[in-house]
Structure formats: C-alpha cells, structure tokens
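Several structures are given next for inspection.
Consider the two complexes below, in which chain A is the common component and chain B and chain C are the respective partners.
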Partner chain A sequence: MSNRIDVRKTYKLFINGAFPRTESGRTYEVKNAKGVFIANPCLASRKDLKDAVVAARAAQHGWNKATAYNKGQILYRLAEMLEGRRAQFVDEIVTITGVSKAKAEKEVTDSVDRLVWYAGWTDKISSLSGALNPVAGPYYNFTIPESMGVIAAIAPEAPSLLGLIDSIAPIIVGGNTVVVLASTKAPLSAMSFAEVIATSDVPAGVINILTGKKDEITPWMASHMDIDGLDVSGLSAKKHADVKTAGTENLKRIYSFKSADPGRILAFMENKTVWHPIGL
Partner chain B sequence: MEEKLSFEYAPAPESRALVSIKAKYGHFIGGKFVAGSKHFPTINPATEEVLSHISLAGKADVDAAVKAARKAYTTTWSKMSGKERGKYLFRIARIMQERSREFAVLETLDNGKPIRESRDVDVPLAAAHFFYHAGWADKLEYAGLGTTPKAHGVAGQIIPWNFPLLMLAWKVAPALAAGNTVVLKPAETTSLTALLFAEVCQQAELPAGVVNIVTGDGSTGALIVNHPGIDKIAFTGSTEVGKIIARAVAPTNKSVTLELGGKAANILFEDAAIDESVEGIVNGIFFNQGHVCCAGSRLILQESIADEVIEKLKNRMAKIRVGDPMDKNTDLGAINSKEQLLKIRELSAAGDSEGAQRWSAPCELPGKGFWFAPTIFTGVTQAHRIAREEIFGPVLSILTFRTPQEAIDKANNTPFGLSAGIWSEKGSKVLWASQQLRAGVIWANTFNKFDPTSPFGGYKESGWGREGGRHGLSAYLKGVSHE
Partner chain C sequence: MSFYGLVDGTEASLKKYLGSLSGVDQVGADARAAMLATRSIKTTSKRWAIDTAITMVDLTTLEGADTPGKVKALCTKAVRPDPTDSTVPSVGAVCVYNDMVEIARTHLDLIGGQHVGVAAVSTAFPSGRASMVVKIQDTKDAVEAGASEIDMVIDRGAFLSGRYIEVFDEIVQIREVCGTKAHLKVIFETGELVTYDNVRKASFLAMAAGADFIKTSTGKVAPAATAPVVLVMLEAVRDFYAMTQVRIGVKPAGGIRNTKDAIKQLVLVNETAGPEWLKPSLFRIGASALLNDLLMQRMKMDDGYYASPQYVTID
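Now for the complex of A and B:
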C-alpha cells in the first residue's frame, strides 16, 4: 500500500455542457452503505433547474435538426466512452452501494449495452410509428413522430447508473433535450456519467444533470411552464398524483415506465399529420 | 342598353319534413330511453325557435348509465369476438348512411350550421368513422401495441357543440372497436343528433348498455369525469375545461385523451397560388362559422403580397352567403348560441380597442337568431388578444411577415399547437415549414380536411393524444408500457 493521499473529485452539476456548482451554494453529504463519508454533491435549487431548462430549450432545435444517423452515432459514442471507463464506474457503484464487484460490473455492462440499443433506435422509430394514411380523397397524407421539446426526468434511486441511462437515452433518441435529477443517495455514477457525456460530442445543453432532493425539485419540474414532459419513473407511485396535478398548468405529458422499449421513446414524441393535395 | 345579367341565388330550402322531433327527451341507458327529471329547452339558433326539451342528467342518471355500461362490458362486449363487434359497427355505419339526410337536417336545425356542410361533411364523415373503425375490431393485435391489447373498460366521453354527430363518431367508433363500452354526453345546446344516434343503436340491435347517452350541461360532465366507475375519459372542448378535467383525473388511474383549443396560423408565402390561397383562407376561418378548434384564425401573410391578398379576400368575403342554414346555397349559418355570440362580440371589441382595424363583409343578417358577419382584422400584432385567444367564430386576425423564419416564429408563438396551414407553390419550402411548425395537423395548400384514417390532435396545450388512424385507436387500448 502506498502512503499517497487520494486526489478526490468535487462532484458538481452538469448544465449546458459545463460543470457549475449549484448557485445556491448548498451541498449534502453522501455516505456509503457502511456510513463512511464519500462526497458532498450539490443540492440543486429551483434556480439550477431554471438554468438547466434554459440550456435545454436553447439546445433543442439544433439537436432535433441533427440527422437520425448523427444522433445515433453520438449515442453510440456515449456507449464507447462508458465502455472505456468501466473500472471507474464499477468502483463508484461498489463504493457507494456496497454491492459485489460482479453485480456492479453487470450494471455497467447493461448500461453500455442499453446505450448501444438506444443508439440504433434513432433512425428506426419513425418507420415503426409513422404512417401513410389512405384518406378518401386526392391528398398525400402522412403521420410522423416528432420531438416534444424539453423533457425533465427523475431517475430512480437504484440502479443509479442503468436507471439514469433509461431516464436520458429514450428522451434524446426522440430529438428532445433533457434535464434529469439523479439518484439522491447514489449520485456519483450520474456525475461521472456527465464526464462521459462531455467527451462524446453531445452538444451542450442536450443533457443536463442535477443532484439533490426529489421532494424539493420535483414540484418545480411539474409546474415549470417551459418543460413539455416529465418522466416520473424515479418517484414513488403515491407521489404521482401531486406531480400530475401540478403538471396540468401547461398540460405536461407525465409518464412513468417499467421497462425499456420503443413505447418509452414514443411517449415523449408528438405525432404530426401533414396533408398535401395531389394533382396537376 | 345592354341587358344586365343577374346571378342572384333563388332560395333553395331543404325540407324539414324528414325529421320528427319529440317535445321532450330522456336519456338512453341500457338500450332504452328512460325519462329524465329536470328539462331545459334546446333551440334552433337561426330562429330561436324551441325545438324540444332535453333532460338534465343528475347523479342518479349518470350512476345508472355507468352501471349499464359496466354490465354490458363485463357480460357481453368484452366477451364478444372482435369479428362480431366489428359487424355491429358496420351496421351502425350503414344505418347512418341510410338516414343521412335526416341526420343532416336535424344537425342543421339544432346547431345552426349550413345544411350544405352537415350534409356533405359532418354526416358522411361520421358514417366513415364507424366504417373505418369497424374494420379495426378484429385486428387489434396488429395495432402496434403488442399481441394482446386490452380495452380500458367503461369510457366516459364528453363532446362539444360544433360538430355534434361527427364528434360523437370520433369518440364512440374507436371506443367500441377497441372493446370499450361508453357513457357519452353531448353538448348542452346540441343533443338531438346524439339522441337520434341512440335510435340507430337500437336499429342495429347493439347489445344494451354498450352505448349510453346522458344529456345535460357541465354539471353532468363533471359527474362523468369524477365517476369512480369510469376507466377512461375522452373530452373535446376548450383548453380551460380540459385543464379542469386533467386536474380532476390526475389523482386517479383513469386514462385521458383531450382534444382542446387552437389558434392556428395559416401562413401565406409570396410564391403561393394566390386565388387558391384566398379560397383556403376563407375555408380555413369561415367553415362552420369558425366554430372549429383547428380553424385558421391567424393569417400570417407575407408583406410583399399583403395588399393584393387582402383586397381579393374582401372581394371573396363579400360573396359569402350568410343566412338561413336550411338553404342549400348558404355558406355561413348561425352562431350556435347567444353565449358564444357574446364571446365573439367581446373579443372583436377587444380587437377594436387594442388598435386593430376591423372590416366586415357587407351582408344582411336575419333579425332573429344569433349572427355574426364574416370579419377580418388587419394591423394585428402578436400581443393583441385576437391574436392570442381562441375566438371560435368567423373572425380572422391578419399579421404580416417578411422572412420565412419570422412567419414560423409568429406561427409558433402560442401555447396552442393543434393545426397550421402553409400556402406556397415551392415544395421544399412547404416541407421545411411543415417541419418547423409546432402543431399536430399541418394542411399544406389545403385546409380543414378530415378523414378517419388520418390522426388528428394537438401539441402543447391543444391536448393529449390523437383521434383517427392507428394512433387514435391506441388511445382506447391498454398495452403501452407507460402509465
């Protein structure tokens, strides 16, 4: 054993492609399963959420405009970067949750594979859900899924990495940008995943990650008038009613999910129908 | 002297002998007409003549309807094969076609819309919706929701007064095809065609309780929305009421679809075919007296052609025939109710006071009934109430733009997102604009077209979900992964 003192990492937020501290100056203490101090991540505030939404809104048009091929390659790049840093993620998961190394390795493997799976959906989802509608008249009429806009997500407490991937990837596959609140108890994976994002050609603002308390941030997400949809998979079912009620102010689309499937991508896409006459 | 030719139209009134209207109606529950307790009058908005008296359903009536729908769902409808369910829907479609003139006349009398529209649009489309969805009933496993999609159970459906029978068809046909039973409430001012539809269900020998119709006002609607025996709510109406419903349903497990308001932009580029576009603008805002959630109520007009288009539009508007809805030549009928007329007047007055310039087509309005002349406002800015709020009447707000991006920005500058129109002869520009517009239905070089195969519904505060096509059907099925 060396006597070298570790260089620890300061865990910050990830907003608009940068790593700011919370504007509130607040942190909270994260301990491992044995009660040993691990880190002081940011306790994000309403203002941090607002900043993240501004960044997400600004990035949405450009991200949506990127070709499906391009979006797929960027998602695949996330998988590549995560694969290259497996050891770090395994260590962090073991440190904070106390699970076996084998179990942590499986979560990281599943996370990489899940990203690869989502990467392949970008250029297939519209052929799965789109339609050419045979209307009774001389019109060309088609329906295609389109991005919904800015979507907020509450990631599940566990698994902290795989849950985060499922909270981010299906939303951005559809051309949306996302503001995600990471696992409160195990935020290290999320903040390290921000470093993966920062090195994967994901345009600034497309993915924004906050750490903090669900009870504090969720109501602000639900009532924010510039958030179009909300994934509440990380929230206990008994809290859904309040969130859904607050979300009616701008008729937010609010869903929770049990699995990764194309429906999870389509939930945060709008269907657009276009008519054009046919004739000489 | 040269002889002057006259192109005046002679009156061509449709006969109302085809319909028999009872003095008083009850509700349609469990396959039978049952007497109601309280009644309110329903009038012809073109003449203010009292047509009949409609029952106001209270708690006991709604309870009975939900109970009948539940019983029909558990004992009959959910056990029947899709093939057999579909055959009932085909029967309904055919009977509606057979009795189409009767439906059209009744709709026009009760709603005030021109007979030409009820006859050529509302009723044929309603029948087409049943015919289309009938074919889905035995093909649900191919609807893209997994191999065993399930109905929700009992659907509560609340529809508006602008397309009474057509909105009934949009709601009832997919619900039944997917295997749900329904409790439907027509709008307070337009119940008659729904009650005639109940007779169609009887003629089709639809099992008792599969379709239940209760009449009443918003209080009846609230009883349906809040009823614990209902699994699915479908509503078409204002965004204001839609939000109230969304809040009421938020703490429950009820599934919801909402088809709400709009403030559609109709963008006219300088490279459009001008005469066709003028027809499209007129159709966009004056179809059905502008009582259309997807009406093209904001004309976003390129500055370079603004004077020419406005002049042509005024000329065309002067030729709109306003008056007796039962006359087959009438283009613009009566405003549906006094309440709606007052709302149109109030918003138009706000247009004047906020500095826009009003011009109304010179036309003689009948002395009785509720009428509003086709009207445009020029010099409208984005801050004006008439550019932001849904007027739901024959009033067009005209804004101008210089660059295509400015047109898109103005079009999207609204919390609504139901529909939009694009007029240009340049294909790439049409497709670009249709991509940029944040709305669920885009009409390019056409407007106000509807079809049962074509999904319809809004982005943002214009609602949740789609109606029509495979996408609309899925709103009546469980099987999606999210809740």
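Now for the complex of A and C:
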C-alpha cells in the first residue's frame, strides 16, 4: 500500500511565455462526459485578455521579422515536442471526452501531422500567393502577403486539440501573434499544449492561451482596438452577427473556417504591392 | 540660512540631527507597501485618479539622442496629451536636459503652455560626478534659460562614505542658485543608497538643506521608484511636516510605466502623507511611457472597449 498523495496539475493560463493564474482568481469546474469532476481550470477575465494582447503586440514585430525558415523550424519543433508527449495527450482526451483510445490517438496523430503541414507553409505562402503584376512601364510590380498583426481566435469545442492547433498555427505562419480562447468544456489539452509551446523556442507572447467562457471573452475580443483580426470558428453561427457588428467599429477582419487550407493562412495576411524600377 | 532651526550649518549639528532619526523597519515598510498595493480603485475613483495622475506627470526625455524636434513634440504632448480630447488636463512639467530648457520654454509659451513648467536635470546628472564649480554653472545655465524646476542629483559617493556635510552644502549652494526663480528637487538615486535607513537619512538631510521636493531616482539605475522606497520618503515628508509645518513634495521617477503603478503611488500618498499631498505642487511622477497608458485607460473608460497604442502618439 502506498501513502503517496496524487500530485495533480494546476491548470493555469499561458500569457507572454509564462503560466500565470487569472488575475480574477476565478476557476470553473470541468467534468467529463459522465459528469465526473476532472479539474478546475482558470476562468479568464477581460483583463487577462488585455494582458495577453499587450504581450502579443510586443512580440509581433520580432516574430514577423523572423525568417520563414526560422518560423518553419519552430513550428516543426512544436510537432516534435507534441509527438514526444503523445501518451499524455491521448490520456487527457480520453479522460475528458470519453472517446476510445484509438480515436484519441488518431486526434493526436492528426495534430502532429497538421503542425508539420503548417510548418511547411512558412516559406511557401508568399511565393505561391504573391504575384509579379504586369504593368505598363519600366517597373517590376510585386504583390506579397504580409502579416496583419495581433489576431484573436476562438477555438472550437471539439476536437479540443486539433481544433486548437488549427486556431493557432495558420495565424502564426503568416507572422501574426495570437491570443486564443481554448475549448471551454475540454481545456486540458490546450493547457498541456502550452507546455509544448513553452519548450519549443516559440518566442514569449507569440502564442497566448486563455481558458474560460466564450460569452464573456468574445465581446471584449471583438471591441478591442488593438486586435486586428478575429477567427470565430469556435463560435456558433448565430453569434457571428453580434461579433461582426462589434468588430465593424474598429475595422476588424472576422472570419470563420471549416477546414485547414492555405486560405486560412492568407485570411489573416494583407497584400502589399511594391513598385521597383527595372534597370537597363 | 535658518534651516528651519534644525541645524546651524555645522557638521556637528548635522550629525546630531541625522543621528536623532529613527531607523526604518525594512520588513514592515515592504509589507505596508505591498498591502497598500492591493487596494482596488474603480469607476469614478479610477477616473479621478487617472486625471490627477496626468496632472502630476513630469513628462521626461533624457536621452543622448534628444533633438530640438523631439523636445518640441514632447512639449506639445505635455500641453494637450490627447489631441482628440480637450478634457484631458495638461501634465505638470516637461523634464529635459539643460541645453533643451530654452527650446522647451519657448515652445511651451508659443503653444499656450505657460502653465506647464520646465524641469531641468542638473549638477552633472545622472552621476553627479563633477566639481562644484561645474555643478553651480550647470544650474545657473538652466535657471537663466527659463527652468522653473531644477532636478539636482546628490553626490552618492560622499553620502555613502558618511561625508553628509558635503552633500548638505552642495544642496544649500544649489538652492541659492535657484533662488526664487526655480523649485529645487533633490534626486537621491535610491537604487544606489542600498538601505531604507539611508533613504530616510537622505530625505531629512535634503529637506533641512532647502529642497522643495525629494525625488527617488534618475531613471538611469534600477531599481528605481519601488513602492517601499516611496513609502519611506512619504513618511519622511509627513514627519518633517510634523516638525516644521512645512510640506515638502515627493517625486518618484523610473519604473512607473502603467496606470496601475501610478494609481498605487497615489494610494501610497493618500495613506501615508495624506490627501493634502495629492496635488501636482506636492507630488509628481517622473515618467515617459506612463502618459500613453494613462490616456489609453482613459479612452477605455470613455468608450467601453480597450484602446490601441496606435491611437496615442509615439514618444
């Protein structure tokens, strides 16, 4: 018989490369599919969002300046770290959603593969979507996609890990930084994924993860003047109109996605056109 | 010079005066400052605190790369911090290097900023390592150029090696140069004074020598205006008022970057020295980045949503 007491993980937020508790001191209960208590993650407040946006803004210039090669390496590193902790993620997904182990394993495998896939896009997106435009004059005229800035995202409720990765990766591929609100019902993999991020050379502030209630955080995301775009894929369609109304005030780009494709990366990029004289 | 009747200008009397001071309970000061920092200031109180803090800002630029253009831009911002909102009050003063004083004063007068003071850092700022002749000339230059406030640094080397009378005489001489034209703020550089006892001692020394304000730091050394240090200085001005019926001002500078920090300072003032000190003539905050954060918090309170740094000026 062992007298050892369980060492349980405290689920905190991930802001600016650190794991703070919510400034509000609030938590909420997460239960599994059968109603059994699992954990007390943080119930993030609007002030946590504010802090995360400050961190994301400060990190954006440096992340945008990093070479495409470097960004790709870091995204690939995320995949490596996730692969190494496969068992833990499978276990968390099974515990909280009650799906079979095989199904959970598939989600983790898909997540790793998805990260590798996004990693590959970093040095290809501008050549594939950019253009050399024909103009009537002795000039080259290029159009290239550039980062938009700080993007907020609402991750879908399920699948909690793969959905989170689809909310984060396409945004940072384009040189943006992100503040993501994780799945409310299944936030455990999100906070464990933050540990993966923390060990993957992702600069502090590039990815920030909050856990909490969508209805509480979304309006503040939509109205925040320093968030340039918003991915509302995790929000039910009937709520899109409200968010879009609030976001119109500050010209926020608001999109929702159903699948992972390069369009998802380009949605949060802006095209820049450059004229360059042709020499003799 | 009467020195409030506390000392007669001799080394013996100064030693006796400083020796009579009680020590500072370091753990107690840290705990009290930490406790006061937990006060929550909301809604109308917060609004009042933000506007009060704006009027107390000494908007500062002390860089080797300062240019006349930058100083003029800073003056414009000092008079009207938010160009889109005329209800935002002007700041207390602009704080610049000696050679920029005339440019600042002229520009402020030109744009209707007569009510905004110009503070000049003086006496071989920030190190204080120069001969007395140079320090006096430095101060004279600034006063003649139109500085209404002189921020002098003390010779920390002399202070730390116990040559208090040297520090005292220096302050007295600079006070004389300032005359009635300029207020004198004495900078201790508390980050170099090591103990709270030294901070208290320096405060009483400077106040007796004729300082109108005591100021924590130059902003060039960390740590700068930590809450316990400001607390110790506020207790010193409170105790000095009890002894002499004269109110001396306090100016924390360095490391106060956001609204939360500024409001914590105001709480310290109110709870330590008292509400009489909650005005720009007795409390100033030396800062540069702080003003933008105060403006953004003000916008947030007016608009109901978070503001972006893209809507305030770049310093």
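One rule holds in what follows: the second predicted complex is superposed on the first by the 273 of 280 C-alpha atoms of A that agree within 3 Å, B and C clash if a C-alpha of one lies under 4 Å from a C-alpha of the other, contacts with A are read in each partner's own complex, and residues count from 1 in each chain.
The rule is short, and it goes like this: contacts are C-beta pairs under 8 Å (C-beta built on N, C-alpha and C of every residue); 3 or more make two chains touch, one makes a residue touch a chain.
Here the structure is a predicted model, which means the values were calculated and not measured.
Peer 1: After the match on chain A, would you call chain B and chain C a fit or a clash?
Peer 2: Once both complexes are aligned on chain A, chain B and chain C fit side by side.
Peer 1: Scan A:16 for contacts with chain B and chain C and give back first, second, both or neither.
Peer 2: In the superposition, A:16 contacts neither chain B nor chain C.
Peer 1: Contact-wise, after the overlay, does A:50 reach chain B, chain C, both or neither (first, second, both, neither)?
Peer 2: second
Peer 1: Angle at chain A, chain B to chain C, CA centres, as a multiple of 10°?
Peer 2: It is 80 degrees after superposition, to the nearest 10.
Peer 1: Per the contact definition in the header, classify A:32: touching chain B only (first), chain C only (second), both, or neither.
Peer 2: neither
Peer 1: Classify the contacts of A:109 with the two partner chains as first (chain B alone), second (chain C alone), both, or neither.
Peer 2: Neither partner.
Peer 1: Who wins on chain A residues touched, chain B or chain C?
Peer 2: Here the partner covering more residues of chain A is B.
Peer 1: Looking at the overlay, does A:136 come into contact with chain B only (first), chain C only (second), both, or neither?
Peer 2: A:136 sits against chain B, while chain C stays out of touch.
Peer 1: Have a look at where A:255 lands relative to chain B and chain C in the superposition and call it first, second, both or neither.
Peer 2: first
Peer 1: Between chain B (first) and chain C (second), which does A:40 come into contact with in this model arrangement: first, second, both, or neither?
Peer 2: In the superposed model, A:40 contacts neither chain B nor chain C.
Peer 1: What is the minimum C-alpha distance, in Å, between chain B and chain C after the two complexes are superposed on chain A?
Peer 2: Closest C-alpha pair between chain B and chain C: 5 Å.
Peer 1: Could you tell me which stretches of chain A are touched by chain B in one complex and by chain C in the other?
Peer 2: Overlap of chain B and chain C footprints on chain A: residues 249-250.
Peer 1: Taking the touch rule as given, give the residues of chain A at its contact with chain C in the complex, in rising order.
Peer 2: It comes out as residues 46, 50, 53, 57, 220, 223-226, 249-250.
Peer 1: Considering the complex alone, what residue numbers of chain C touch chain A?
Peer 2: Chain C reaches chain A through residues 304-311.
Peer 1: Chain B touches which residues of chain A in the complex?
Peer 2: 128-129, 131, 133-137, 139, 141, 143, 148, 228, 241, 244-245, 247-251, 253, 255-259, 261, 263-264, 267, 270-277
Peer 1: Give every residue of chain B touching chain A within the complex, in rising order.
Peer 2: 128, 144, 239, 242-243, 246-247, 250-251, 258, 260, 415, 430, 434, 439-446, 449, 451, 453-457, 459-461, 463-464, 466, 469-471, 480-483
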